[in-house]
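Please read through the structure below; I'll follow up with questions.
First chain written, first letter: the chains are A, B, C, D, E and F, and each begins at residue 1.
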Amino acid sequence: MRIALINPNTTASMTDTAADAARRVAATGTVILPLTSKMGPVSIEGYYDEALAVPGLLMELAAAEKDGVDAAIIACFDDTGLDAARALAAIPVIGICEAAIATTSFIAQKFSIVTTMGRSRLPIEHLVHRYGASSRCKVRAADIPVLSLEDPSSNARERLRAEIAKALEQDDADAIILGCAGMADLTEQLCQEFQVPVIDGVACAVKQAEALVGLGVRTAKGNAYAAPVRKPYKGLLEGFAPEALC
Amino acid sequence: MRIALINPNTTASMTDTAADAARRVAATGTVILPLTSKMGPVSIEGYYDEALAVPGLLMELAAAEKDGVDAAIIACFDDTGLDAARALAAIPVIGICEAAIATTSFIAQKFSIVTTMGRSRLPIEHLVHRYGASSRCKVRAADIPVLSLEDPSSNARERLRAEIAKALEQDDADAIILGCAGMADLTEQLCQEFQVPVIDGVACAVKQAEALVGLGVRTAKGNAYAAPVRKPYKGLLEGFAPEALC
Amino acid sequence: MRIALINPNTTASMTDTAADAARRVAATGTVILPLTSKMGPVSIEGYYDEALAVPGLLMELAAAEKDGVDAAIIACFDDTGLDAARALAAIPVIGICEAAIATTSFIAQKFSIVTTMGRSRLPIEHLVHRYGASSRCKVRAADIPVLSLEDPSSNARERLRAEIAKALEQDDADAIILGCAGMADLTEQLCQEFQVPVIDGVACAVKQAEALVGLGVRTAKGNAYAAPVRKPYKGLLEGFAPEALC
Amino acid sequence: MRIALINPNTTASMTDTAADAARRVAATGTVILPLTSKMGPVSIEGYYDEALAVPGLLMELAAAEKDGVDAAIIACFDDTGLDAARALAAIPVIGICEAAIATTSFIAQKFSIVTTMGRSRLPIEHLVHRYGASSRCKVRAADIPVLSLEDPSSNARERLRAEIAKALEQDDADAIILGCAGMADLTEQLCQEFQVPVIDGVACAVKQAEALVGLGVRTAKGNAYAAPVRKPYKGLLEGFAPEALC
Amino acid sequence: MRIALINPNTTASMTDTAADAARRVAATGTVILPLTSKMGPVSIEGYYDEALAVPGLLMELAAAEKDGVDAAIIACFDDTGLDAARALAAIPVIGICEAAIATTSFIAQKFSIVTTMGRSRLPIEHLVHRYGASSRCKVRAADIPVLSLEDPSSNARERLRAEIAKALEQDDADAIILGCAGMADLTEQLCQEFQVPVIDGVACAVKQAEALVGLGVRTAKGNAYAAPVRKPYKGLLEGFAPEALC
Amino acid sequence: MRIALINPNTTASMTDTAADAARRVAATGTVILPLTSKMGPVSIEGYYDEALAVPGLLMELAAAEKDGVDAAIIACFDDTGLDAARALAAIPVIGICEAAIATTSFIAQKFSIVTTMGRSRLPIEHLVHRYGASSRCKVRAADIPVLSLEDPSSNARERLRAEIAKALEQDDADAIILGCAGMADLTEQLCQEFQVPVIDGVACAVKQAEALVGLGVRTAKGNAYAAPVRKPYKGLLEGFAPEALC
């Protein structure tokens, strides 16, 4: 089984981090194919970056499907371009926020997502609502820049810990989802420290992709996810015409 | 007052149709500036087309704002790229689906949207849910290709009428929203025929834009709509880096 | 275009304040006709006052419609008698709470209403729910008597400011709606001070009324807003029989 | 125990019908005091009639409370003026729609309300939503004038039966609430015929009033139901000033 | 009228406490028959105890119905086995949480449940949601062991009081429901102290049972509450085969 | 990895059918341990059977966990005793309805569950609501006895097909979940026939169990799923005292 792990931003080092997290949980026989978008923002912070990340993501997805991968993961916690990706591809496509929520719902009645930047909170809250988890999942932001997690001199990890503590105290949360692909390596340590399940979305998405491929199901194409209608695309994005891309 | 009317698909004739609808209701002193996206699909049918239409839309929006327009309208019923547009611009940005629902809510307790193609139904249903109108607004599709509305030999208008009749009978609807910019010229005739308010989104959006400009309010930039963070954009979309575009 | 601005309480000075707010934003050519109810409470604080304010409001509305106005605004933040008014009249009738929520939804994902007295909080919360905005709009009360806003020796404005500050900190609010017609003159100052959009319902209602009249739409009379059935009315309210009033 | 049964319309014969239904189920020792509003419409059909029925209802309620009754029932299925009545009185006030829904919820997972006129359907649907029963209770109208139920030559009863049959087939309903005080005498016969519980709101309200009085609880006055603030009332409604009425 | 009051745990002294509360409010002529489950846990704290308490509860219910009682109450605040009980019996079966919420909704717009142990909070929150009261009822736990309420040396009552005070301050609550059968004797005292209605579920359930019996309605058996299908039961629970039990 | 597949009814042949479905999709290295409850009903049809099936299910679960299995599946579509099972065990416990909904949500925006008997429809609808899928998942019953699926002379399969056809036409469904463990062998054939994904809950549960074990997560025990408090259990169910069972 081959699973494409598509980083929708254009920073290859972030792809590597996500690929590490993916490989740690992948089953024997599952091959993780990390792919980095070739066009768009170097990181995704808010709606504008997200919108501009979609074309590059779709291009990687189309190429990966042609290449015969069995499923694809979108490795950004805002589930960038998920609907468009499902319309484009026939293979299953998994968002990491969606996968984390679905997975955590099997082990906890209430849980909280702790993300990095404040401006990502509302978009993630919209996802939680869309996935039907509003009554069991709150969203918090630790207000830390993503990159600062790597920087030992910053107090980023302390702020993350403080926000997790608040979630456990104030939200009835029995489990924590880390709302950023870049936090995956902290999972085990935080789980030990707080003695509650601490969940990483990339890992969940790998297992959900394996599940769908194992079941032999693919995206239902009957309605909103029907394949794109063939038609001309113009200008800079000419190459995205469905007949060209698929 | 100058209002940019941005057609997010790349077909100029559709821009003209929307501009006609806009000018019919614009107040004295309101100038409608019709703009057609220069890149992306020639029409928007489903999530894939929608995603690829966003960059072209944002480019027109950035240029229009630099040029000093007071507000902008996104002239496609799926409210293409609305969140990204609001993050990018400081001027008010109005979606035509959103404007139609907000406006109709002042005159009817229940109403239905009748759109063209079946595959657009679920995305519009998601918009209705997001705008908080699920309990008062149903969405129907007449299953007609957009362009067939122009073709006198097709039975498109009969199917549209039949679907409106069903909405009035089965949905408790007291008013009808036409869920496609290309239907704007039918408004008056259908209103006469069915003796209920028949609403066009482009017209509503013009009046909502005039309202916001008249009130002197602009998009709240404190949180999810904060201006894009300056950062490099790569590859084909390099030109969309916030410092380049804005 | 002539818009009736009906104050449903019987205090003419409050009508004047609302009329000032209305005229500040009215378009050239829009005439604001301020009307004060001739029967009922001198101010509306809670459900009892509200119920007794409705007959006087309806009487002004009937007279204004006969007189040929194009639309009517109910100038009290509890949207007093809105359903009955829409059943009675064919012209559009706008509530100021409803107008403020619809308008603010175009520029902010989350916002809060700050009203004066605690006992008004729950009724407004019910309106927010009815208008489909529960997930994006919280309601707060500054616990100040309406009239104290005018009194320089009271600390009313400080309490209002304190409550706005809490809304911005605790509610994810990116914009503030002032939940009382008597606060309209504070809009600009508070907007400067807090650097977020601060919205007044009367102003929004004027623009929404202009929008509906400009579109040529009127209340849909097919169902719950059908014209009152002709029938005898008895006792003190005899004069309200539909054949007498309309 | 004395329970005021207030008919908010001004037709005494309807009060008699409701009083019969009430007495059939009243416990030994419960005295039903039927009261007919002295001002307003002769029947309540839609929002306009409802609004004009409230003052007369409140006047009867105030007099009954002064007179020492233990609880009051509002005998119209749109729960006319319920919030204002609860703010005015300290004794428990029960709406018959509210009572029917609360009572039926103890014996059926899903049920439907069958009312008379189409224009009453949406207002009742709003009540169902407010009482938290939207997911278990549908509302249907048999489209019959209230008075025709008394007329043996009309087909009103057949239409009522047909609508009940549809509710049982199409709504998953396991019980039926008759959505009009004037249908109370049909309960037993319809129950026999359809072999499901058929519920009358007046009867339910009597038992709920007995329950509240038996428990010794009264309306909570801390917030939205706080007693009306003393203040002048003007014009025709001068007599409704709280200090005059209470 | 005879009402079975079934304590689903196996501790007879708790049955006595509930029976006292029931008898305090029972109407003249209502006989309370207290019954204690003969199998299962000595107290119900969480989902596991609850599940194991159901068979014993059902056995008492079947015997009571054979014996001719008119209605039954399940005297535990998690409404233990309510659906199974309604499927088994034809007489009305009332849960005390359900009864408390239905009753309190007639006298307060918002209220809070204060229960004992933290682990009971989420199950009660699910009940509140199921009964349609989520928007008007919050659930709090005082984090006290049930039995400590009886112990004068513990600070249990102080913690209960503190939690009630928080509910009144932070939840908009105008009334309090005590979320544990063992608190019934505190009702009057707390009501005096906090000057708001303080409600006990057992008392409410008695009055609701009287109401249903007085109306002559029984559980609707058409669908989810249809009588159990006759079939073999095996092993330890052989005696629960419907033909054996009913 | 060893996964206990617990049939909560006492009919071993049904366990075999579920075990076949489970083994068809289990990964290499996953061992399925089929277990049949030793006490309770031979099949689960409605709330009464469900309640009596829980003790036997919990006994198998406790034994399996002691025996060292890694996860457990409850192989009945009403997710029998799921909350009690999660409180009892530390290993992940998966319901097949829950697993089917979570899995299908990754590949279809809307889908329908088609179950066998009408009386199971409402309980499944409650599960759908609890899992947050009400807006995307409808529940239908083909009104066929479970065992008739095995009988070639019955028209059970035709009725199942007819109900699936209705779901695709009337519910916007793009995928079908078969709402009964006994239908698992029909999946492939129906998928071919209707050309939409047809999903079996047992298969989904196996993959979700593998996912959770692969991730190393276990049930969060902090709150509603905390381990049962040690206490005496009496009578027939004495053996279920937590200290005896766990």
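Going forward, a contact is a pair of C-beta atoms (placed from the backbone, for glycine too) under 8 Å apart; a residue touches a chain by one contact, two chains touch by 3 or more.
What you see is a predicted model, and the numbers here were worked out from it, not measured in a lab.
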To bring chain A onto chain D by a C-alpha fit, how many degrees must it turn, rounded to the nearest 5? 180
Chain C and chain E have mean C-alpha positions lying a whole-number Å distance apart equal to 44
Go ahead and note the Å separation of the Cα centroids belonging to chain B and chain E. 53
Between the Cα centroids of chain A and chain F the separation in whole angstrom comes to 28
Would you give the residues of chain A that are in contact with at least 2 other chains, written as numbers and ranges? 86, 109-110, 121-122, 134-135, 172, 223-225
Check the chains against each other and report every pair that touches. A-B, A-C, A-E, A-F, B-C, B-D, B-F, C-D, C-E, D-E, D-F, E-F
With touch defined as at the start, can you tell me which chain B residues reach chain F in the complex? 121-122, 129, 134
Which stretch or stretches of chain A touch chain E in the complex? 109-110, 135, 172
Considering only the defined contacts, which chain E positions touch chain F in the complex? 10, 38-43, 45-52, 54-56, 58, 81, 83-84, 86-88, 118-119, 121-123, 126, 130, 223-226, 228-229, 231-238, 240-242
For the chain B and chain C complex, residues of the former touching the latter: 25, 27-29, 86, 92, 94, 98-99, 102-103, 105-111, 131-136, 168, 172, 174-175, 196-197, 199, 203-204, 207-208, 210-212, 214-215, 217-225
